[in-house]
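In the part that follows, the structures are each spelled out as C-alpha cells.
In what follows, chain A forms one complex with chain B and a second complex with chain C.
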Partner chain A sequence: MMIRMNQLDFSYRKKNVFSGLNLTLSEGHVYGLLGKNGAGKSTLLKLMCGLLFPERGEINVMGYLPSARKPAFLSELFFIPEEIYLPDLKMSAYAELLRPFYPRFDRQMLEEYMEEFEVSLDERMSRMSYGQRKKALICLGLACNTRLLVMDEPTNGLDIPSKSHFRCLIASVATKDRCIIISTHQVRDLDNLIDALVVVEESRILVNVTTDRITEKLVFKNLEEDESALFAEESVKGRWGVVVNENGEDSKLDMELFFNAVLQHPEKIRAIFGNDKVND
Partner chain B sequence: MINCVMMKEIFDICRFKALAWKYYRENMKTILIFLGVMVVVTFMVVCKFNPFRMEYTSLYTGSNYLDRYYGMFAKIFWGLLGFFLLFAASYSFADFMSGKKSFGALLLPASSFEKLLLAILNSTVVVFLLHVAVFYSVAHVACSYKYTGFKEADKIAVAESWSGFSYPVLTSGAEIVHPKVGNVFSVVDRFSESSAYTREVEDGTGVRKERTVYFTPFVVWNLLIMYWLYFVFVFMWGSITFRKRSALLTILVHGLFFLFLGWLVYRVGTVFWKIPREEAMLYGLYFYNTGELVPLSASWLLLLYIVPLTYVGIIWKKLKNKQV
Partner chain C sequence: MEFKDTQAIYLQIVDWMCDNIVKEKWKSDERIPSVRELGILLEVNPNTVMRAYECLQNQHIIYNKRGLGFFVSEDASVRITERKRTEFIGQVLPEFFRQMKLLGISWEVIHCEFEKLNREEDS
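Right, the complex of A and B next:
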C-alpha cells in the first residue's frame, strides 16, 4: 500500500475536519479526489504530505510517517499546491538546483514535457503568466519521477489545449510503482485520466473505488421519463442519469453525475459498492 | 551501517551543499539588496559619527584623538553588526512562514537539521563576514576621502553635505590626518584591561580585605560570542514564531519577559534569601578566598551557554513541528 490512514482525527481550532477517517491508496493508480468546497480535500493532501499533522490516528505513506518529513520520504514525494510559488530564475536553472534532491530526476523528460506544454526552459519564471508557471511546475513535478505525485487543483489556470496536454502527460507517466493523486473541483478535467475515485464529504471518505468498478455497478444513460435513478438531470438530449447496472450494460463514466449521486444518496452508494472498495 | 544511514537522514554534506547553493541562488537578489543596504547604512553612519566632526574635536586634543576615533569605529562596528544581525535573523525563516513559499521550503528533501543549520550559518557567520568586509571597505573609503584633522577649532570650517550631514573642511594651515579604523576586535583586550576593579569583602574569618578582579580576554570573548549567539537566536525564534512583524514582536515579548524576570529576581532576592542584594549578585560569588589580583573565573560561562543553546533546541523543535 502506498498510503494508509487509520482512525484519523484532524481539526482546525474549532472546526472538525476529519473524525476517525480511514483511507487506503495503492501504487499503480491515478486517483481523482473529489469533494464539495470545504470538504477537506486540500487538508487530506496536506496530511499525506506531512504539511499538517493529525491529532489522533496513524498515517503511513510509503512506509514513512509523513510528519517526520525525512529526506528519504520527501525525495519520493512531489506536491503541487493550488497556490504556487516559483523563484525568479530560469526554469533550466531552477531544475538544476532541484536535481540533487530527487535521485530519479530526468532532465530530458523535463525538456520534452516543457516542449509539449509550449513553455520555454530559458524564460524567467517571474515573467511567465500564472498558467505558464503552473505548467512549468507540473513538468518539474513529473520530471522528478517521484513515487508519489500529489496535485491540488492542477488544472486551475490552464487553457483548454493545456488541459488536454495535461491529461496526455499524466496518462504517459502513470506506472505500476507510482501513485498520482489529483484533487479538483473541475471533474471534467479528469475525464479519461483517472482510474480510481475518492469522494470526501462530511469528515469522511464516502467512496474509494476504481472507475471500472463504478461502470460495472452503475450505468450512465438517457432515462425514460418515469424511470427512477440515483441521480438525474435534464439536458438538451433529455433526462440524463445514473442507475444501478442490473443488466450488465456498458456505459461511459460521467464523473459529475456520479459525484452528485454520491452526495445525494451516500448510503445507497455505500451499499452498492459493498465492503471491498467503499471505506468509512 | 544503520547508524550511518540514520546520520545521513539528519545530515549529509552533499545535500547540505545543494541546499545552501539553492538558497543563495534563489535569494541572490535579496542578498544583493541587503548588501547594498549594508554599504549605504555603514557609509552614512561612518560619516555621521566620524571622529573629526566639529562637536567631537572640541572635546579632545592631541594623542586622545587616536583613542577616541578608535573607540568610535569600534562602537559603530559592533552597533551596526547588531542592527544587521537583527534583520538577517528576523528573516531567517521567512520562507517557512509565508503561505505560498512554505510548501516548497518544508517539502524540500533536506532534513530539518540541515535547514536549521543553514539558517544559523546565514544569520551568524555569513552576516558577520559580510559586515567585516563591508565595514572595513566602506570605512576605509570614507576615511581616506575628505576627513581632515585639526587641533584648533578656529582652523576648521563645517560644510553641509547633500545628505544633511555636516563635515569638516580643511582650512589653510590645518594638518591633514586620515583616520584609521584600526582593529575593532581589540575591544576585547581593552574591555578586559579596563574591567579590573577593587572592592572590600569579608573573608571566612571575618577579616575585611580588598580584592581586585578583572575579566580575562578569554572571558570577554566568551561573553561576546555568547551574547552574539543569544541575540541571533532570539530573533530567529521570533522569525519561526511570528508570521508578521517578527522583530517588533520579539522585542516586545522579550522586553516583557525580562521585566518580569527582573521583578521576580528582586522579589526572591530580597524576601527569601535574606542577604544583602549586593552580595547576591552573580559576580559577588567570585570575590571570596582569592588573591589580590584575580582573573574572574570562566567556569560559569559554560553554564551561560545553555541559554542560547536552549533557544536552538526550541527553534529546531518549532521547525520540525511547523505546519502550513
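Right, the complex of A and C next:
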C-alpha cells in the first residue's frame, strides 16, 4: 500500500470538493486519474503531496502524514504540477541545488533524459518555452528516482515527438516498487501506459480499478444496430460501445468510452466494480 | 508501434512477438528483449508486456531462464503455427461462416472459388 485516504473531507471556503472520500493506491502501477473539469483531480493530488490539508479524515502516504511534510517523506515524492514554477537558473545549477534532498538522484539519468527531449542543461530556464520548461521539469522529476511520482497533466504543452519520448520514459521508470499517478484529460496520449484508472466525480471516487480488471468485466466493441449496451456512441464506423463481458472476450480498453460510461451510469459501473481495489 | 483499437494490447504484442520469431528476427534459443526493454520500445506499461510474455510462456513459445531472461523455445515456430491454426478455427472461421449465411453464399461457390485460386497459383 502506497497511499490510503480514509473518510476525507475537503472544501475551498464555501465550495465543497470531497466528502467521505476513500482511496487506496499501491506500488507497481501507473494510475490514470480522470475526472471532469472542476471534479477535484488537482486537489486530490495536492492533498496526497501535503500541499493542501484535509478538514477531516486520514491520509497515509508511504507511512507518513503528508501535511507533516517530513524530509523523509518529501525525499520520496516528486510532484509536477500543471502550472510549473522554475527558478531563473540553468537546469545544471538547479539540479545541484535539489540534489541533496533526493538521496537517489541520478545526474547521468538527468543528462540522458534531457538529451532525449532535446532540452539543454545549460540554457537559462527563464528563456525556455513553456514546453521546454515542462520537459526539463519532467526530466528532473524522473531523475530524482522517488518512490512516488505525481504528475498533473504532464503531456500538456508537449509536441508530438516529445509525447512519444515521454511514454518511453514512463515505461522505463514504471517499476514494481514505484507508484506513478498521472492526472490527464489527454487519455490517448497515455493509453497503453496507464494500467489502473481512478475516476473522481461528485466529491468521491467512482471507480478505482486496473485496466485488466476492466477488460475482464467489460467488452469494448462494434455493436449490432439493435444490440443493447451499457453505453454506446454512434460514429462513422457504426455503433461503438461497451457491454458486460459474459463470454470472457478479450478487447482493448477504450478509456474515453469507459470514462463516459462511468459518468453516464455511475451506479451500474459501481455495481460491477464496487468492491474492487487495486491491490496486488 | 501502432496498435489497433479492436484487440487487447497484450494480444497484439503476442502477435508481434510471434511474427518476430517466424521471421527469425528472434532465433531459437536466443535471448529476447526484457520486459522493460520491450515496454520502452513499444511505449507500453511493463505489466501489459509481462502479460504477453506469460501468455507465450504458457504456450511454450518462449521460456524463462532464471536471472538471464526470456529465450525463444526450440520448437517455437511449430507452436506458433499451432496457435494460429487454433485462432483461425476459433475466430476467423465463425465470422466467415456468419458472412456466408448473411450473404447467402453456398458451399459450391466457396469450393469453386477455392479451386479457381488453386489453379491460378499452379499456373
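Basically, the second predicted complex is superposed on the first by the 276 of 280 C-alpha atoms of A that agree within 3 Å, B and C clash if a C-alpha of one lies under 4 Å from a C-alpha of the other, contacts with A are read in each partner's own complex, and residues count from 1 in each chain.
Simple rule for what comes next: contacts are C-beta pairs under 8 Å (C-beta built on N, C-alpha and C of every residue); 3 or more make two chains touch, one makes a residue touch a chain.
Because the structure is a prediction, the values reported are computed rather than measured.
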{"item": "Three-chain arrangement built on chain A, chain B and chain C clash or fit", "value": "fit"}
{"item": "Partner chain in contact with A:Lys221 - chain B first, chain C second, else both or neither", "value": "second"}
{"item": "Chain B versus chain C as contact partner of A:Ala271, first or second or both or neither", "value": "neither"}
{"item": "Which superposed partner A:Val244 touches (first chain B, second chain C, both, neither)", "value": "neither"}
{"item": "Contacts of A:Gly28 with chain B and chain C, given as first, second, both or neither", "value": "second"}
{"item": "Touching partner for A:Ser172 - first (chain B), second (chain C), both, neither", "value": "second"}
{"item": "Chain B versus chain C as contact partner of A:Lys70, first or second or both or neither", "value": "first"}
{"item": "Partner chain(s) touched by A:Asp195 [first = chain B, second = chain C, both, neither]", "value": "second"}
{"item": "Partner chain(s) touched by A:Phe79 [first = chain B, second = chain C, both, neither]", "value": "first"}
{"item": "Nearest-approach distance, in Å, of chain C Cα atoms to those of chain B in the combined model", "value": "28"}
{"item": "Touching both chain C and chain B, counted on chain A across the two superposed complexes", "value": "none"}
{"item": "Chain A-facing residues of chain C, complex", "value": "3-9, 11-12, 36, 39-40, 42-48, 51"}
{"item": "Parts of chain A lying in touch with chain B, wherever the complex brings them together", "value": "46, 49-53, 69-72, 74-75, 77, 79, 81, 83-85, 87-89, 93, 97-98, 100-102"}
{"item": "Touching residues (chain side chain B, partner chain A) in the complex", "value": "9, 12, 14-15, 18, 21-22, 25-26, 29, 98-101, 103-104, 106-112, 320-321, 323-324"}
{"item": "Chain C-touching residues of chain A, taken from the complex the two chains share", "value": "28-30, 164, 167-168, 171-172, 174-175, 192-195, 211-212, 215, 221-222, 250-252, 254"}
